[in-house]
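Below: one structure, written as structure tokens.
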Amino acid sequence: MTARVATASWADLRTGRAAGVIGIVLGILAGWVALPPISTRNLVLPVVIGVAGIAAGAWATTRGEKRVGIGAIVASVAGIVVAIFATRASVGNLELVMSWGALTAASLVYATPLTFAAIGGMFSERSGVVNIGLEGMMLIGAFFGAWGADTTDSWIGGLLIALVAGAALALVHAFFAIHLRADQIVSGTAVNFLALGITGYLYINIYGDRGTPPDLPQIPDVNLSRLQDVFFFGDAFGSLNLMIWLSIATVALSYIAMFKTPAGLRIRSVGEHPKAADTVGIPVYRTRYVAVVVSGMLAALGGTFLSIGFNHSFTENMTAGRGFIALAALIFGGWRPVGAFAAALLFGFSSALAQRLGLVESWQSYQLLFQTLPYVLTLIAVAGVIGRSIPPAAVGRPYVK
Amino acid sequence: MADEPILELRSITKRFPGIVANDGIDFDLRRGEAHALLGENGAGKSTLMNVVFGLYQPDEGEIRVKGEPAAMKSPRDAINHGIGMVHQHFMLVPVMTIAENIALANAPTHAGVLLDMDAAEKRVAELSRTFHFALDPRARIENITVGQQQRVEILKALDRNADILILDEPTAVLTPQEARELFAILETLKREGISIIFISHKLNEVLEIADRISVLRRGKLIETVPREGATEAGLARMMVGREVLLRVEKAPPEPGETLLEIDGLNVRDDRGLPAVRDVSLTVRAGEIVGIAGVDGNGQTELIDALSGLRRSESGRIVLAGRDITNRDARYVLDAGYGHVPEDRQRRGLVLDFSLAENIALHDYAEPPDSRFGWLFPGRLIARARRLLQEFDVRGGGPRTRAAALSGGNQQKVVLAREIGRDPRVLLAAQPTRGLDVGAIEFVHRRLVEERDEGRAILLVSLELEEILSLADRILVIYEGRIVGEFGPDVSEEELGIAMTGGGRETEAA
Amino acid sequence: MTEGQPPEAPPEEVPAPEDTQYTPSIAARLAFAQRAGGVITPLLTAVFAFFVGGIVVLVTTGKNPLTTYRAIFDGTGLNWLFPWVSGAERTTAALNLQQTLLLTVPLILTGLAVAFAFRCGLFNIGGQGQYTVGAVSAVIAGAYVSTAHLPHVVLAIVVATLAGAAWAGIAGLLKATVGAHEVITTIMLNWIAFWTASWLFGIGGPLQVSGAGNESVPASETVKETAKLPVFWGDPFLQGLHIGFFVAIGALVVYWIILNRTTLGYGVRAVGFNPDAARYGGIPVARNYFLAMAISGGFAGLAGAMDVLGWEFRLDQTSIQASQIGFIGIAVALLGRNSAVGVFFSALLFGALLNGTSTTNLDPSIFRPELAQNLTLIIQGLVVLFVGADVLILYLWSLRRKVRRQARPADAA
């Protein structure tokens, strides 16, 4: 079945892993020194640090830690490339774009929908059901969040209605995938089509040419007044949306739920060896249904943030592939909440960076090209580093009683 | 011991599309006894026990536990009635620890919300001590031996307070030594008042451990007999319904030139650990060499390396004079190799292809089946028709989909394909797994015929009987090494000892 | 021993060595669906999807679904096929049919792309990206190269096909070497193509159309006259039907031939049905994955060329971003059960739907076109959903078996 890389000894693993992590840090450092606030103009320092990072990464791979090792090499090379570009740009432009506080805040903003969807995906996949339909569930959450907020005139109403919508769509996927044993990827793709069509249809039918009202109820920001003036932290965390804090809470809660409760143990067993779970008396179908519905609800939350938390409106197909990036974040993160969150942050960072590039006029056309960054990163991740990452053993296979 | 049976099955009938798996079966289990359920593959033993355990619902009939009628709608019901089942293929989650697997059923918690793994681990340690299981609660299932895994399964049942234990082919994956350990454990369990049902198709084991034996054949109960007075031959007759030739009749071998030579082969398994260690063997034309061993001792890796599907670290393989070491499957097949893989549905056949397409599986890219990439379906069909007739394949013609055939006929197709290519060396891995007696006889006879045609045949099997019946020379593989070579008259005991690494004899009888 | 063990029965006869349940590949499922359901089930699936769509129309707008569908049908031009239609009505129908067929051409090709990959057990969700890459390559070859008519067209087509093949080949290579799941990689490649193409032809982009007054036009150069595909039916100035139609028909034939008459096709099918057995048989599985993806991408890239050289003649940011041709190809392949004939009719159906619901063809007083377009998406989704479930088919299949079993006793092996 799945191949596992041999690890020689525990000691080797520890030093190899440590070297790999150091390599990744060095790689990031190599790029960072060329950026504000340090803004080295000379390439020597970044290159030296970068080479050290490559060396650490190479050493890690020889110790059997291929994942972090290759990650370190990639990070170091990327760091040197970043340094090259940074030293060519003017310091003024750099400072405008690389405002770390704003960047962090923006990264969290872009990461939040991904986090929700990725954690949702985790529940589904850990129970053994592939959920390609995260994109559709996010979109439906976005629409019904907006419509719900409009109809009930409160953002809480919007959230609740979005949760119901996400659950409903997830139920469709669950029914076809679990009960009818349809191919799960086909079913997920269908869900995406349906969501696109349904949200588009209802949007035009209800809001027509006007679009969603400009006074749509918004999910409030959380203003931490004490933090506002603190250097960096003020910009970064001072006034983040409530959903962003909720997403972090979700990460923590889902970790506990999945790994520290009996329910989580049971979900994982259903995803690894459903027959074993069945013989122990665990209801496989029901567990999978619940997991998929939860994934739909979480993805919908992510979509709701997009519409009434961030964009303040709904536009057709506004998720624009984020559901798939969330899936990639999940895989990147090894089907674990913290890992998925870290990956979501990384992707969020690249989106935030892409957006900020638009602040400099001469760089504006590159904005579009930069939009490919999350997808390229995912491709590299899925291909190189994570290619052999091990999913739950029974994922994607319908269970036949 | 109370007189009333602790478990009673009355007239149990279970049907599946096209087949009656259990037909009006009456069965009872007394307290503290070990009752064996005997029958060949497909007789309905596993189905019956799955009904008892709630995995299937009977179409007719009644189950009574401790005198009270009990409907088993799911394993939960069975467990609540004190029934535990140890399946042939373990129901354990490989990546989780022993404690986690036990906790799946009944997890101890802090305040009902958080998992209390410490308590779970303590419970495992406690039970393990009571029954002398020697298990480490923190060990991951994927890292412990098969014998230990089986004990974990039994532990699971005991943890749920089972007083009826069903074991499905428990010794299928054990060495004779481990089997003996298991029997000792079963005796302990019996003493503690636990009643045991024991599914098996192995006559000698059943005679050793069971108090009573029930024989099933084609879904019906033939007879229930006490151990006293039961004989192997008698039981076999009940199982099959006619006198069974326990051995194939064959002439003594006339071996010729060496067609297969393996020299100092070392192969690693999927985890990078050495699976085949310094193996050397030869097979000559006109002989059948059998490799006996418990599953998981390197047979799979050896076969893969020989077939060109796995890299070998060192050593040489020479087939009919050609060095095929570390060559791909294509090259090996072209060199005169035929391979009957052990899982015909997964590896032997493309079930959705027609029989003609399956027969062409190796050679479709060569003339006359094709030329310059262009396929000639007519030629595939013609050749297939010939071979299907020769091998007496029933159930369809060249255009029939392979999935429509029965297991026995499917295996005949695989044989037809491999033998039809006139290989110098033929490897047969578990060639009769899952087949009924008639098909087994066919396969065995055919293999001997091919041996007499001058082919070199390497037989790898987990069934000692099959090896003893067919092989001219028997090699025993243990932990990746060839630890013994025997003649066909060796006893099962000697083989069993060699299979567990004891008594390294190397002299052929 | 009963003959023909049904797939639904428990494998009593064949206990598996590992406890893994044998899950049929997508190729096997769709082949089973085709065998069991024939032509009826795709028809029924489509009808059922339309029925549900009709309910949606009724519930949300209160309009009569039948008049809506009628209005859509009138826009498709399929009524041209009816011999009793004549006169002015016939001419309008002819124009509409040309438009429908114009849309059918790329759908056939993207459908073939997805179908070919499915035959090898692969999910090519990247048809859209491969289409885009093909379109971009065709524009570049068409606009920046100067030669005579025939070689120019051939060059552009070849370049586009190869580009699409290469784009899909990336995913194929990743699958073949590190086993990366093609669903994720092709989806990522979709978006990379999306944004890269947007950038190329965007404002300030390297391939933006040049010339005074064009600075704020996010579009490409227009292809030269020598690269355009000749029109054979209808008026070239009114976007008549170009010879790409025959290319698409030819592609259907090529598809069938590759799969059923070549050794490559045999290998692809074997790997699609059972990669394990293929491996044991000596068939190079990884190589087939790569080739299947590449050929698949080639079809999609060809689709891009057909549109660019046939009627678009240039690409602009909006149309790149709005295009769904690659995705509809998924529905086409599934409804068509991966067969050449099936793909043709599915493509026709969806092409008709797209044309019939377009803003130019649908009378807004009967039904709003944008709504109708989204309705089409919903219908598409339903089709994919039902096809994926084989529900109808399993039901029909079990009916058929019951009838068969009564007519014939089981024989021995």
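As written, the chain order gives the labels A, B and C, with residue 1 at the start of each chain.
One rule holds in what follows: a residue touches a chain if its C-beta (ideal position, glycine included) is under 8 Å from a C-beta of that chain, and two chains touch if they have at least 3 such contacts.
Just so it is clear, the structure is predicted and the values come from calculations on it, not from any experiment.
Considering A-B alongside A-C, which chain pair is linked by more C-beta pairs in contact?
Between the chain pairs A-C and A-B, A-C carries more contacts.
Going by C-alpha centroids, which chain is farthest from chain A? Tell me that one.
B
Using the average of all C-alpha atoms in each chain as its centre, how far is it in Å between chain A and chain B?
Here the centre of chain B sits 45 Å away from the centre of chain A.
Nearest whole angstrom, what separates the Cα centre of chain A from the Cα centre of chain C?
Whole-Å distance between the two chain centres: 30.
So which bits of chain C are touching at least two other chains?
18-19
Would you please write down the residue numbers of chain B that are in contact with two or more other chains?
90-91
Would you pick out the residues of chain A that each touch at least 2 other chains?
1, 273, 275
So in the complex, which bits of chain C are touching chain B?
Touch list, chain C to chain B: 1-10, 12-19, 22, 24, 27-28, 31-32, 260-267, 269-270, 273-274, 276-284, 401, 405, 410-413.
In the complex of these two chains, what residues of chain C are touching chain A?
So the residues of chain C touching chain A come out as 18-21, 23, 26, 29, 56, 60-61, 123, 125, 174, 178-181, 183-185, 187-192, 195-196, 198-199, 202-205, 327, 330-331, 334, 368, 370-371, 373-382, 384-385, 387-391.
Inside the complex, what are the residues of chain B that reach chain A?
53, 55, 74-76, 79, 85, 87, 90-96, 100-101, 103-105, 107, 109, 113-115, 156, 270-273
With touch defined as at the start, can you tell me which chain A residues reach chain C in the complex?
1, 132, 172, 176, 180-183, 185-187, 189-198, 200-202, 204-205, 273, 275, 321, 324, 327-328, 331, 364-366, 368-369, 371-372, 375-376, 378-379, 382-384, 387-388, 397-400
In the complex, go through chain B and note every residue touching chain C.
Its residues touching chain C are 16-19, 21, 41-42, 44, 46-47, 88-91, 295, 307-309, 328-330, 332-333, 339, 341-343, 345-353, 357, 360-362, 364-365, 370, 373-375, 377, 394-395, 403-409, 433-434, 436, 438-439.
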